[in-house]
């Protein structure tokens, strides 16, 4: 953060200096951004820069300004309609749409910020070129510029499009939803017909203190706990399982390696929602697995060893807390191991064989080799991605949603805030928004989760890619 | 279009309130309002004039999107009705597009983006409130080709009102639930009460039941026992299920459900077990009419819901009466034409066609008179114990949970207290 | 002798695992031949066998199901988003692994944090952004949606790139190769297995998503849907009892392109990387 401020300060300082000591071209480019380049015969660059300026300014004025000006209230004119019985026509007033005001307002602000940064950088760049011209250095032609994007500025070439995509698909929506947490956007304030507005941190206060929403707090803690347990367990089991399976298949004694691998990978081929749905039907209270278990006496066996009470009519694989949690993890192992096996196969092929050879010569047994050589190597490559898969599991919608669609909770406190024991935060949010249009609370819960995850993973992440480790295997 | 002015009378909410207030004598009142309105010179323009105006003012193609149930029967009959509608106005070029949307999800699909949703859509009555609250429904300010107060049963018209305003065109009146049974295996005495029903089913080694872990059905037991559940103006609920009667009802239901023969199947499981010949009686609705009639063959029968014992007294199980409405989107591109289409889809002949295609009972009295089937008769028998569903959103999750507790045999005063606390929790 | 038993045991164990993994798939396959159109939770095998479901799948599109159109839509969306997102992932991973530019660490942490925000929440905003661009209900919109943020998934590939020796990179530079040349001619060919993994992953995501697409495609005409959306719709309460067998057929057919994809790409895994160059 401090870094950022310093940088900001220094670029502003440079900007001031450029403006003051720049020549006529630099000053001209305060108005026409391409001017400085025209002055140095960089015609192409000049045209591009000017076009960009015109485009951005006209879009700000034409598109975003009307929305940005209403950002403080999120709109004041509610929709009103008059239906004329005789002509059967409807007249509608010029109403505000809070949602669009917020969304376009955010985009407008981002565009303006980016434009200011570009503007400052542009003036500085023009001044730098002036300096270079004065000192008689070579000034890049347009061709040179293009070439530099293949070389010293190659990272810009690589990262521009992906970054734009991320901003569009990720950053803007996130900013938008973060803002929603500070509004009263719920089922009684739904645009376009009704307006919503800013309410400050009221929703956050509601999550933690008020007695009315006390079950929100109750449910939140439990859902969060299960989410974290799930994420860690799901990642660990599939990761280990995947490596072991890959090793097992790769072993020199295994024949038909390709066939075995393909058999497992077939399960990836079939979409998760198809298999998950099938599994949820198979393991339902009245499903085929239960029928079989009752027939071969497993049901009675469970009753005998006290896992089930004598009155139970079926094995509640997916319908009772505890049972459902174990089932979900097991099903996830089933889903996840083939994926992980794929990854692990690719990586295991690449293990420096000399290390294993020398370890063998030193008399290390298989387990020692696995834990001392294979695992550290795999961990090194996939370590960062492990955190990513923990996060992916925190947000793993499909498995939980499809498996527990028919689950009914017996816990009143959970039910009162529309949560279930087996809900992850993400499925809970989905229910809140999709069925109850409660966007404000969903956003608040989303943000709190996000903060927790971010804190946890930044801790681990900085240790894992802590710079010094990057070169170990090079 | 030869009809005289039938409408422009729902203009005022007064007509509606008068109507509601007068109960069974309402027909006279509404007729007199109609006369009063049509006699009024200032609003005296006839509906034919209005339609003529609309035709004259219409240029180019009229695009109307219509969303209704995705089942083949529905899509076919609605397609035909839309074509008939277009044929009625040869001077206008229509482009009516049919969309397949699951009725249970209609509200969710419409509210995702009201502006992009269909101009006309069919939805069940329990979604009316949410749709109105989001401002998605166009008020039925006037009617042009028929007057629903004259042609439709009062209960259905009333069900499509919210805050005294008419928001939907009554379409079907058979979305409630009742008991299907196999009369080859069960006698009329057997299906009269849950106690007899479960006893007989145990004896037969077959299954009977009701989806208890679902607030929609669970309501029937508590309401039947004499408890109340009502909605306040702010969408919170009043509920007294945790009083003595409620506890007795819950315990009674628990003992019924503890029978080996009693099952609480979701729809999929129900149909699978029905096809296997295990289920001999089940609480369901017209959406499953084909499945039951196929499974039971000549034993197919339906009746009102059974009674059950509360404090030693036989209580009739109540139910929610269910309706389907046709709604016009408040953001419809062509409000006038959309309203006319909605009217056309809900008039007597269309309702008859829908009944023939889908077996769903009409809300139009004329069409209803021609419709007769075991399922509709059972609904009619149940109707005196059926209430209009008006319940706030906080009801469903706690009720589902309560149902689950009952099935698990965990009924206690505390469970009921917690459920009621959840159901009645304040709405911000 | 003991060794033979061990080998047999090893294969038996594998066979057992494969059995566990394949049994739901097997159920899926036999259900496609079921004459009963609804779900049958009581029998593993159908009571009556038929091929009618396949005929319906390919030749009888109706008001609720149109498999050929779904397949085409999904294929177009899948292939294009797969191309774009694979490129994005490879580009991002390369930049973060090989180029030490200003702000690299910061960007990496930032991208990691971004990935943590629950996507379900931002779906509505994404929808309205696409609407602003006029891209709802269009294939292009969905391709942007699926591939736009794919750059965030660079970590595992970066981890792999990190094992490519710096010396290789430096040697190439000394010989006058530009970054772009090194990227295209040396690093990408070296990393085939991981790139295959990336490609498969980026194809699977749009191929199987049904949550996002449900919001983004407003058309209610089955011929405009994708495979996942269409199949998911068949499971709605009103349809499931007429279409479950159809659904299974569809699910099985989806698996075909993926399986082919994998069989083609499998040789990259088995061959591994040509050792010399890496260890160079």
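What to note about this one:
Going by the order they are written in, the chains are A, B and C; count residues from 1 in each one.
By our rule, a residue touches a chain if its C-beta (ideal position, glycine included) is under 8 Å from a C-beta of that chain, and two chains touch if they have at least 3 such contacts.
Bear in mind the structure is a predicted one, so any value in this text is a computation, not a measurement.
The fewest steps needed to get from chain A to chain C, moving only between touching chains, is 1. For chain A, the chain whose average C-alpha position is most distant is B. The pair with more inter-chain C-beta contacts, choosing from B-C and A-B, is A-B.
Taking each chain's centre as the mean of its C-alpha atoms, chain A lies 17 Å from chain C.
Centres computed as Cα averages put chain A at a distance of 41 Å from chain B. Counting partner chains per residue, chain A shows two or more touched chains at residues 281, 284, 286. Within chain C, contacts with two or more other chains are made by residues 39, 41-42, 124.
Counting partners per residue, chain B has 268-269, 272-273 as the residues that reach two or more other chains. In the complex of the two chains, the chain B residues touching chain A come out as 8, 11, 43, 45, 49-51, 53-54, 57, 108, 111, 114-115, 130, 133-136, 138-139, 141-142, 144, 213, 258, 260, 263, 265-266, 268-269, 272-273, 330-331, 335-336, 339-340, 393-394, 397-398, 400-405, 408-410, 415, 418-419, 421-422, 425-426, 428. Against chain B, in their complex, chain C makes its touches with residues 36, 38-42, 62-64, 124, 127, 131, 136, 215, 218-222, 233, 236-242. For chain C in complex with chain A, the residues that touch the partner chain are 6-7, 10-11, 13-14, 17-18, 20-22, 24-25, 27-28, 39, 41-44, 88, 91-92, 94-95, 99, 101, 104-105, 107-109, 111-126, 128-129, 132, 144-145, 147-153, 155-156, 158-160, 162-167, 178-181, 183, 193-194, 196-197, 200, 204, 207-208, 210-211, 228, 231-232, 235, 247-248, 251-252, 254-256, 258-259, 262-263, 266, 269-270, 272-273, 275, 278-279. For chain A in complex with chain B, the touching residues are 79, 81, 83, 85-90, 186-188, 190, 192-194, 206, 212, 215, 281, 284-286, 311, 313, 406, 408-418, 434-437. Partner chain C is touched in their complex by these residues of chain B: 65, 67, 69-72, 75-76, 97-105, 112-113, 116-118, 267-269, 271-273, 275-276, 287, 291.
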